[in-house]
Amino acid sequence: MELFVFVVAAAMVLGGALGVITRSNPVHAALSLVLTLFGIAVMFVSHDAQFLAAVQVIVYAGAIVVLFLFVIMLLGVDRTEDVNIEPITVQRPLALIVSAGVIGIVIAAVVTSRDLLGRKVGGLDETTLGSPDANIRQVAREIFGNNVFAFELTSVLLLVAVIGTVLMARRVKSGGAGK
Amino acid sequence: MLDLVWLIPALPLTGFLLILLFGRKLGDPFAGVLATVMTASSFVVVAGIYFELLSLPSEERKHVVTLFSWIPVGGLQVDMALLADPLSITMALFVTGIGALIHLYAIGYMHGDAKFPKFFMYLNLFIFSMLMLVLGENLLVTFLGWEGVGACSYFLISFWHTRDSAATAGKKAFVTNRVGDWGMLVAMFLAFAAVGTLSYEGINHAAESGSLAAVTATGIAMMLFVGACGKSAQLPLFIWLPDAMEGPTPVSALIHAATMVTSGVFLLTRMAPVLHAAYPWSSDVIATVGALTALFAATIAVAQTDIKKVLAYSTVSQLGFMFLAIGSGAYVAAIFHMVTHAFFKALLFMGSGSVIHGMHHEQDMRRMGALRKVMPITAITFIIGWLAIAGVPPFSGFWSKDEILLYAFANNRFLYFIGVLAALLTAFYMTRQVIMVFFGEARWHDHAEENGAHGDHTPHESPWTMTAPLVILSGLAITGGVMQLPFSKETHWLEHWLEPVVHHSEANIKGTWAYDNKWLLLGLAVLIASAGIAASIAVYAKGKFKAIEPQVLADAWRYDSSVSAFVGGPGRRAFDAVAAFDAHIVDGAVVGVGTEVRAASGLLRKVQNGLVRSYAAIIGLGAVLVLAWFLLRGVL
Amino acid sequence: MLSTLIQSAGAATEKTAVAFPILSALILVPLLGAVLVTLLSNRRPEYVKFTALIVSAGTGAMSLWMLAKFDSHEAGFQFVSQHEWIRAWGISWHLGVDGISLFLVVLTGILFPLVIVGVDPHHDEKRYLGWILLLEAGVMGSFLSLDLFLFFIFFEIVLVPMYFLIGGWGYDKRIYAATKFFLYTMFGSAFMLVGIIATAVLAQRDLGYITFDLVKIAEEATFGTNTARWLFLSFAIAFAVKVPIFPLHTWLPDAHTQAPTGGSIILAGVLLKMGTYGFLRFGLYLFPAAAVWAKPVILTLATIGIIYGAIAATMQTDLKRLVAYSSVAHLGFIVLGTFAITSQSLTGSVMQMINHGVSTGALFLLVGMIYERRHTRVIAELKGIQSVAPIFAAAFMVVMLSSVGVPGLNGFVGEFLILIGSFETARWWTIIAATGVILAALYLLWAYQRVFHGEPDEANSTFKELTLREGSLLMVFIGLIVFTGLFPKPMLNRIEPSVDKLVKHVELHSDYKAPVHKGGHSPATDTAHEGGE
Amino acid sequence: MVLAATMTAPEIAWGALTPLLILLGGTCLLLLLGTLVPRWPRVATPTLTIVTALAAGTAACVQWNNLYYRKGYSIVADAISIDRFSVLITIIITVAVALGALLASAHHDDANGDPLENYALLLTSAIGAVVMGSANDLIVLFLGLEILSLSLYLMAASDRRREESQESGLKYFILGGFASAFLLYGVALVYGATASTNINGIAEALTERIAVGGSDAMLLVGIGLMLVGLGFKVSAAPFQIWTPDVYEGAPTSVTSYMASAAKVAAFAALLRIFIVGLESRVDDWRPVIWVLAVLSIFVGSTMAVVQTNVKRMLAYSSISHAGFILVGVEAAAHMEGNGLAASATYLAIYTMMVMGSFAILIAVAGKNDTATTLDAFKGLAKRRPALALAFSTLLFAQAGVPFTSGFVAKFGVIKAAVEVDSYGISIAAMVGAVIGAFLYLRIVVSMWMEEPETQEPLEIPTVVSVVIGISVAFTLVIGFFPSILLDAIELVRFAPL
Amino acid sequence: MLSVIQPTSSWYLILAAVLFGIGAFGVMVRRNPLVMFMCIELMLNAVNLTFVTLATALSNINGQVVVVFVMVVAAAEVVVGLGIIVAIMRRRNGITADDLSALKG
């Protein structure tokens, strides 16, 4: 069962990811991204991270991708980008080498260090795992406990986002010079 | 009186300074008079000291006057000190004496020259330097004079510097001399390293006491000889002397005949104990070079047509005799010949100057002839000089040359043979010169007609300021031989006088075949001189034989031109190559680094193409490399 | 602990200290003068020049006063002043003067006012004078510093004013030359900076506290053989560039040729000496054993420099460039003497630093005057000047003969001492180096002939004779040339004790033994020898 | 409900957070007042920003003083460290903000006013930077970095009139996101290897692990990924590639701030993570720092050689400065000597130098960033001698000429490197500095030795003059009396574990 | 039989690595800034997956907490990033990242 879930979710993830990088139409790419995000959400669930899975669907698949699509539509840039033409000849081989390199190195690292992953370091209250809201409680306790400072910082982050939106949305008078 | 030694150089120095400051005001002829008076007074002082020394017992004839400590550094203590002893005073005597005469002569000769005061300024400076050279108590003071006379000769040779040939000749003289100076410097280094002092006394004492190793002594001797070769125009460094005739004639007489060129002989005599302590072959080297120079220069003189060039090569040849003497251990004979040579060669040069003066600066002997009629005093004095140099008894040159040949015979018969040959040629070419200038037809008429401007000028006798020195010198040239006559021990006055200086090193030829048969050799010498004169008369006066004057001799065996060609050709190219090496290789490397950095910069700029995804790829590539390193560190 | 150490060091060396901090004043007066000159109004240029002159002349007077007060029997440092400066790094403002630096300081003091008086920059005089004074402060600082850090910063700061002087007031390729000068020298210093730090850090491991104090490190710290060699090399590169030693010399001809006359005089007169001085003060003194080890290589390079510089000089077509290459040759002699490490050769080197400064300074001044008159320095365009300007030619001749090394003039004394001293420990190098005297005559006389002899052509026939101002300026130089040549003893007496102390120091810290003379005195046993009176 | 009872909220030491709180409060105040107050005077915005920054700086100074009496400590569940190092970084950043605000106020364009948001972003970025400097937890650090970065992306793109500004913002944004992903991936792997994101926790876990054994590959690759991310932020080669474009495109006042505060914060983070957290794996990462340092110095110096735009030149020079700071980091990585203090000194000095340099650029280029090419600097000495002199001083300082702060900085890092026997890097760095000097000389040549292309008078806003004056004064005073700075920074330490 | 094979943590981690690589590849080859940005989101998701997997493997909830923050960051980034992109696109419609290369060299 678990294997099945993994295979399906992995297929979604990878299929979506390949879609993002291969679809010439940005709308299609955005939709492929949704596929990946759902796949990730599935995996979150299989890791008993229900809260994250929910947030993933709501924030990512819901808000973020919608924002993307909205912008695409707003700007009317849903024209096709010709992905078959590459003006810089070394770009794709180089990209391939880099990606393959990163993937290979990380996999090698993960595989050689897999014995580290079996150990239980604690911090997860196993006794309450049976409870339906166990995950969310644990997360909450961590966020508002040890990570409360980080949590407060996210407010600043959002403040920046707000200021940024205001700034970027401001209409420009074309006074002064511009090159 | 002896403590007044410092006055000897000080007088001409004062003259120099005075003319330097007030020369223009003094002008012509008072600047010349001042210079002459200064030199003459110097001569008076020297004479006074001479007599005082003479009054002392011979072992006490030595006096050092230390003026101040010049270069004192640690073990090296060099004083500005003057040494009055028989050798230096002998030198000083004829330097100041002949110098004064030449000064006097120059007043007449240089009359009307735009730079009249300057000429005498240089002359006085020269006399000062020459006196420092001979009076120096140590090698360094001598070197001060040594270089000083070099510099003065440079000034004087290129006195008429608007003429390129004069300027070039001056430079050539200085640079060639410098080659010799290098030798003298190295000799000083060796002496200091070995003995720890530069004073003659210290070095000679070390040499005499045997504490100077033979190898070091040889090194010093050979290096001194290199120095002497430069200054005294020996093979292979003689090339500057003939060119030095570009200078005014008094200069030729003073510097290039009587004084400066003899300083090499003086120096080797001064350092005789070192030569004595050196390996014997070093003396042979000196004698051989001297003999070869004597012959070599004599052959060249045979074919010269320039009146001064003949004398110049003759000087080289006579200097060769002196070196032959030194190499044979005959220091007294060398000094003897040096003095007599100073007399007659100064006489000849000034005579030739008088001729040139009278001929309106014509120096080509082919355009002279029969001048005895218009320039009688010059002719007579010149003829006396000729007889002296040709080795006709009883003129001074005969005695000195004979003594040299005597020692040469005792030392090495082959060199004697060369010497005899050179003496023969000397008589030959000097006779040739006299005939061409003073006898035969007057060829200057044609010349005067050729150059219309000079058309109505006939040669004339020179003023008294020029002829008076000629007369005095001709007297000396006749009688100079009396200072060292071979008749008996008592007539060796010069030898006795110089005894304190050269006693230990003077070769002893008593008991050799040559000594026993010296009258035979004397007779042979007379024969040789006569033969040379006769042959010359036969060729040039009677025209019985065709003159053999191959071009190669006129070109001085093409030695000088070969050297010039080498310096101007491969030498210059080598120098150019070094300059090019510097510009392109050494500096090129530096510039190349700059260019490479620029090129690298340009290359890296191409990477910076402005495209985000390219940048991402570069970052990714960097990341992969960094990660690869870490993975390797983790896995291995 | 550190402060007590510094105090005790001060107490040891402050025997001759005087109440007035003369050495600090020698640095600070020109520095403040530079600031003052910069702040003065542009509207009254005569005040600017006057101020600069007063400042530099005052500095010169102070240096002469110091010379008068200098105790010629004392081999150590005099007029020492020491104040803590950067505590965290163990750096102090430590100044002192001894026989080795004494005359360099005096030369600096004399040369700058002469340059200010004698050379006209033609434009932007205020800025020019500001840079000149700043340069003076830097040069003074380099010669007076007894702290490695202090030395380095003065050594390096000098580049800035010199850079501006070349770049701002030089000739057509000035920017290229200035940049090359700056970068090349900075390249050399880069190694020295690392070397200085490494010296202090390694000494710290030995001494237990961090200090950049030259005397402390030299006297108390010991380095491993290899360590010392590396450290020495790092210093040597910087100095070799600065001197410059073949093959690191190619910045010099460019810098000299393109620099304005004043810049050239200072560059040749004192700036190059910072390299040779550095070898003495920071090469031999700090790393005696390593210096002895490096001797053959440096002697070889110095000898090559002598011959090579002379040959290159012979073939130059630009008069200034010729003089520049002659500097390469002359400085080769100084380096030769420095690394031969005998009493005579070292004394000769110190002496020659001064002599070269005077002679070559004067030579550049004369070439500058030629340029002022003819607007060319190309030898081929000059001819027959002696006929139209005999006094000028005579002055040139005297200076030239000094450069050639004719006895009786200053150049000879130094050169001779160097050679005779070097001969004992570096025989073959010296014999070859001595041939440099032939070449020196060759290139200078040849140049003289081409420039001064012959008939003047039209362009040269109006060549102006020396003016009174120029003449009196040259008289100072010629006076120094003749006086030093005939009576060097006062200088030698002050130089020698310090040099002998240095030789002893080298002997003590390496297996090197200076030659001892049967007839003379060993420098090791007789430090303050008085002349032979 | 049982769970709620077991939760213990960490104690929050408000006092220790004062600088951050002041900055945050100032931001909010600015936004509120600016929006709500009618006829909000234009000059009030920068004033308020500067006051906030200075207040935060003052608070930090008070903290600095307090640290005489106690060692560094961490607060809010080990999320933030308060120690000499973090406080120093805070001070540097607040100064940079104050100067940056001054420059920004001179740099606005009249048509669009002086948007309040620019200053708000300046303050928020300062919050991010301060957090980065004091973060003791990788997540906090990441958040701080994102706050800083997002603010900077926006600031870079804030000049809406110039397309270059937006290009710069977008490039910075995309590449910054790319690099953040690497950093975060690194955090993840390190977390996997140590089960902690807390720097102290990581350090402890790794120390234990040395005893336990096991493969380090995941940890090390994680470290590598973090190094890529941080290397990007400090613009170390080969991750520097974005720097010239972004610096050139951004409004000059922003560039100055980016080059100073952002770099300072990134270096602070780098130092803390690697020196405190990854000390036990120092032999693995130190060589990489070595390579990055040398590469940065040479790439920065070399590429500057053929540039013609002064702003771009300064960008390249900032890359080589990053290399020099990395030399200090490398020295610090030997866990002895003065590498940390040297790096901190360099950062402080560098901040002032770079602020001054860009201020001069603003003075010359004008409000619109129109004239940043080398030609604009031609003959500056003839037009404004004092300005040329000031710029020369700063350029020579950047080149490391003595009697300037730049020399003190370079000397410090080289000394630190030599103290730990890193001779190779020292020599490489110094040789690189020589190549770099060419760049500064080129600008100096233009200013002093060439003729001006225009004789138009150059108006310099007072605020810019103030920044230049402060910067030059700092440069010279520290150059002559380095002890002022050195004696203080010598005390810089990380909080003990 | 298949149910015998349980996907271990490594599987997820490898998947995440591949996803990260694909995202990175996308950033390097795509020219539409929006799509590039999506690729960065892919990379962040790969990291999230890694964190969650590790949290489970280590039985440490902290990994999940981190993901929460990452998501907030991602959201903020999207806001800011899209803001910038919109600002540019409004000026020059249909622009690709390749067209934004005025700054170079």
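We just call them A, B, C, D and E in the order they show up, numbering each chain from 1.
To be clear about the criterion, a contact is a pair of C-beta atoms (placed from the backbone, for glycine too) under 8 Å apart; a residue touches a chain by one contact, two chains touch by 3 or more.
As the structure is a computational prediction, the values presented were derived from the model and not from experiment.
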Co-neighbours of chain D and chain B - touch as defined: A, C, E
Two chains sharing the most contacts, counting C-beta pairs only: A-E
Identifier of the chain whose CA centre is least distant from the whole-structure CA centre: C
Whole-Å gap between the CA centroids of chain A and chain D: 29
Mean-CA-position distance for chain D and chain C (Å): 43
Centroid distance [mean C-alpha coordinates] between chain B and chain A, Å: 100
For chain A paired with chain C, centre-to-centre distance based on mean C-alpha positions, whole Å: 69
Shared interface positions of chain B, touching two or more other chains: 605, 608-613, 616-617, 620-621, 623, 627, 631, 634-635
Junction residues of chain D, two or more chains touched: 139, 143, 146, 150, 153-154, 157, 160, 163-164, 170-171, 174, 178, 185, 189, 192, 195, 215-221, 244-245, 438
In chain E, residues with contacts to at least two other chains: 13, 20, 23-24, 27-31, 33, 36-37, 54, 57-58, 60, 62, 65, 69, 73, 76, 80, 83-85, 87, 97-98, 100-105
Graph class of chain-chain contacts, one of line, ring, star, complete, other: other
Each pair of chains that touches, named by its two labels: A-B, A-D, A-E, B-C, B-D, B-E, C-D, D-E
Residues of chain E defined as touching chain A within the complex: 2-3, 5-15, 17-26, 28-32, 34-35, 37-39, 41-42, 45, 48-49, 52-62, 64-65, 67-69, 71-76, 78-80, 82-87, 89-90, 93-94, 96, 98
Complex contacts: residues of chain D adjacent to chain E: 139, 142-143, 146, 150, 153-154, 157, 160, 163-164, 166-171, 173-174, 177-178, 180-181, 184-185, 187-189, 191-192, 195-197, 244-246, 248-249, 307, 312
Chain D-facing residues of chain B, complex: 597-598, 600-602, 604-605, 607-608, 610, 612, 615-616, 618-619, 621-623, 625-627, 629-631, 633-635
Chain D-facing residues of chain A, complex: 105-106, 108-110, 112-113, 115-117, 121, 123, 125, 128, 137-138, 141, 144-150, 153-154, 156-157, 159-161, 163-164, 166-168, 170, 172-179
Chain D - residues contacting chain A, complex: 3, 6-10, 12, 24, 27, 31, 76-80, 109-112, 115, 117-118, 120-121, 124, 127-128, 131, 137, 139-140, 143-144, 146-147, 150-151, 153-154, 157-158, 160-164, 185, 189, 192-193, 195, 214-222, 367-368, 370
